[in-house]
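All remarks here apply to the structure that follows.
A, B and C label the chains in the order they appear, each numbered from 1.
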């Protein structure tokens, strides 16, 4: 088959290549379905290698510098030619035999650091990480938590619908801000595994004493400590109303990540007109942001894969957004 | 209701906060609710070697059935090398290295894990998070699992192996809200059913003698610090602060350090190192102290602070220690210091004002009665366990 | 591809090269040494300035600090860009016309958390590229894949000039001892897979191990994998060895490390197929070397690999172990396929001859430096007049 590379030959070869690739595909599928090499086994191979892999760090330049510090066996493998240190030649030979040559040239040299220094640097990095997160979301102050009209009353117009939407989710449901647990209690009684958070000092005390799972924490802080897809449902009331752009963006990212793929989101909020009226709480004047119009929530949530329903309250002072993704049909 | 506890050591001779707390919970559940309570533990009493010293097999202690299993391995010699290396950047370790850390730390008791997997209890309680029996057992328990982490902000907490441990817990029971914040930040357990239980405090044992007599200080007023006399526990710092205080405030005030001694404290005419004393003697000493001081930054709960309040004694704590600071803030029963100046100011205030001392002490006592008296604790805990059983077992972690 | 025309540049007397580190048995280093010879043959004075040089190559270069005092009007500078370096900072501050000879920088995320320092250096390199690219008079990319990066970084004039490689090293006299050892292993049967490249996460040797495992299970239980290349990431190497042990492949996977040209030639000669699942190649010299010695290639078709391999290999779309195993089996059992690949490979490696590649390089350089002063005597190495 050895040839002179004539055009015909080259074309033949290319066509044959394409045919071969298709046959390989078929071969692989056949092997898999006959059980010679089930996909499960290939996944196990991946898992096996992951056992040896470093668990991901949080990333960042300082963390990389720390890694340099941490790898105390790190030696600059490239030694300049003109070594005027008397031991230079010996050192060079030793390094060569370690096979540590980098194609990517390293311009920083790190010598051994004491563990205490490293630990101190890690603490600095943690603090910087916190600061970075704060700065990122809060170039303006965080929105205060407020009571939305009707909050505290399980017979409020929107609660039955929320219980309906959340009734059959498999998993835990978070209510923020939970206040004294009025909604958590109602949801639990309705068969929903609910718990709540509220950052306002002392608010949760009574409910917590009663045995409800309530924590004194802000919504965003709490969501940061939840694992991805860790929640089947989230109810937000009084949390988003005064949010500025940055904080809301951070919250939306967390909502998308912390809810399961079939998760349900319910948002109960002040209507913009009521927020601007005399009926609004003092926080309305102090908040960095203001309530969104109900339809704007669709604008944020639909690209995240949600189907969004919005209902305005009978008094015009509030509205509720119900969003869910995943299943085609939902009880309503 | 049948509860099985898994803990690396068990028994009244065991000196360890977590294991003691587990035993107290177990015994109070039997006494208060007539529940069936069993414990799976090892034959070890020493947490540095895990050497099997108690006979294996079944026994009963205060109504609790105790099953002891022999270990295949205790703490291995290679542990220290690996620990030294991993503690520098624990979150970067591979799962394999981290599991090896658990194995080398010990005690390795496969028999215990097997027995647990075959148990018919309604709920399994694991206390604390760190050791092989809990790490291996929690994923294999066929019934709902409750984890009491007893966690500090220590390098080990960040090892990736524990992610699976925390993920396998159907519910988590914390000593303090500070501990919950720490654990959920590191392991993403925010949405897990939980409670902040704390530890139960008993009425103080007293011997009926004046504290000054027990210490040999006569009529002199004194402040006390209870706990291991150890650099890590802040004893050296406290001694140094006290020496400075005495230079600036000459007078009869003495400092008593009560507890097992691990670090040498320089001799000083006004510092008394009593070493380990009986519970009765300790009660007498604390009761008659002006103030009880907790200089440690590494407490996960601090029974010492609560025990002082039981006796109506005000406290001063290290401001950087979140749990003890939380106690003071919540109760109004103590002050905190972040350095010498604050230490001096707080101590001056307390020593000058007997009324203030009494008020703080009384507030502390009320706080303990409301939250940490045994009847309150065990009632809440039993209710929590009922909820856990009702909720059922969640999906087991595959990590 | 942009074909730069000459812009009437004044003929330069010297075209000097700058490189972060001059290291032997390294793609960029070898290219630099060969390019210097080509530039000198064309009549330019040409020296190499490096921040550091391996002592095997002592005398082949000058320290970067020496350049400012040696600089002459009309100098054209060529920067061999493959990683971050203080050399880039030096060049950024100079005003001589700059040619960026770009070998590509691995994306930081391919290092993941394996090697944060390497990822950090990658990031740094990208930043340096963003500074140098817009300022460069010409971007010389060793592949169209690289050329895209140069354009994206803001280089206005770019061209593709193949990397200079002495393919003869792969067919040099094979080291007899290595050859004998390999022969003994092969006597027991089983195909020999070969991959040449640094043992680092982007080169994905762990995927090769998975594919070998699948291949042994499905087709040839005696097959072996030869890995040639230094291992700068001790963490990855340790994990790789652990993985190999977990799979029971300690006897089947051979870590050759860094070896001499003679030993490398022996390894190439003893292989049956060249397999690459590397996630990133700016060019992939060993792919061409494999073709030069008549090895069929099976490779993951990403980055510059398809461009370099062309129809000299089977390009798979995924680094799925079953797919790779089936592809290798097909190559080794289908004569028509194998011979077609080998033929195509020979043709392609011919295009990488020093003559062709050297001429292309001179053309490209001339668009900035002006016509080469043919006839001028070549400079004596080490002499900077």
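By our rule, a contact is a pair of C-beta atoms (placed from the backbone, for glycine too) under 8 Å apart; a residue touches a chain by one contact, two chains touch by 3 or more.
Please read all numbers here as calculations on a predicted model, not as lab measurements.
Q: Can you figure out the chain closest to the middle, judged by Cα centres?
A: Closest to the centre of all protein C-alpha atoms: chain A.
Q: State the pair with the higher C-beta contact count; candidates are A-C and A-B.
A: Looking at A-C and A-B side by side, A-C shows more C-beta contacts.
Q: Could you find the chain whose CA centre sits the greatest distance from that of chain A?
A: C
Q: Could you please state the distance in Å, as a whole number, between where the Cα atoms of chain B are centred and where those of chain C are centred?
A: Averaging C-alpha atoms per chain gives centres 59 Å apart.
Q: In whole angstrom, what separates the CA-based centres of chain A and chain C?
A: The computed centroid separation for chain A versus chain C comes out at 38 Å.
Q: Where the centres are mean C-alpha positions, what is the separation of chain A from chain B, in Å?
A: That pair's centroid distance is 33 Å.
Q: Could you say which residues in chain A touch two or more other chains, in rising order?
A: Those would be 51-55, 57, 67.
Q: Note the residues in chain C that touch 2 or more other chains, in rising order.
A: Within chain C, residues 113, 239, 242 contact more than one other chain.
Q: In chain B, which residues are in touch with two or more of the other chains?
A: Where chain B meets two or more other chains at a single residue, that happens at 92, 94, 96.
Q: Can you list the residues on chain A that touch chain B in the complex?
A: 50-55, 57, 66-67, 70, 115, 118-119, 122, 172, 174, 193, 195, 211, 213, 215-217, 222-228, 230-231, 258
Q: Which bits of chain C are touching chain B when the two form their complex?
A: 113, 239, 242
Q: How about chain A: which of its residues touch chain C in the complex?
A: It is residues 1-3, 5, 9-10, 12-14, 16-17, 20-21, 23-25, 27-28, 31-32, 36-37, 42, 45-46, 48-49, 51-57, 61, 63-65, 67-68, 71, 73-74, 77-82, 92, 99-107 of chain A that touch chain C.
Q: Can you name the residues of chain B that touch chain C in the complex?
A: 92, 94, 96
Q: Touching chain A in the complex: which residues of chain C?
A: 20-21, 23, 26-29, 51-55, 58, 63, 82-86, 112-114, 116-123, 125, 198, 206, 210, 213-214, 217-218, 230-232, 234-235, 238-240, 242-243, 246-247, 257-258, 311, 314, 316, 320-323, 326-327, 330, 334-337, 339-340, 343-344, 347
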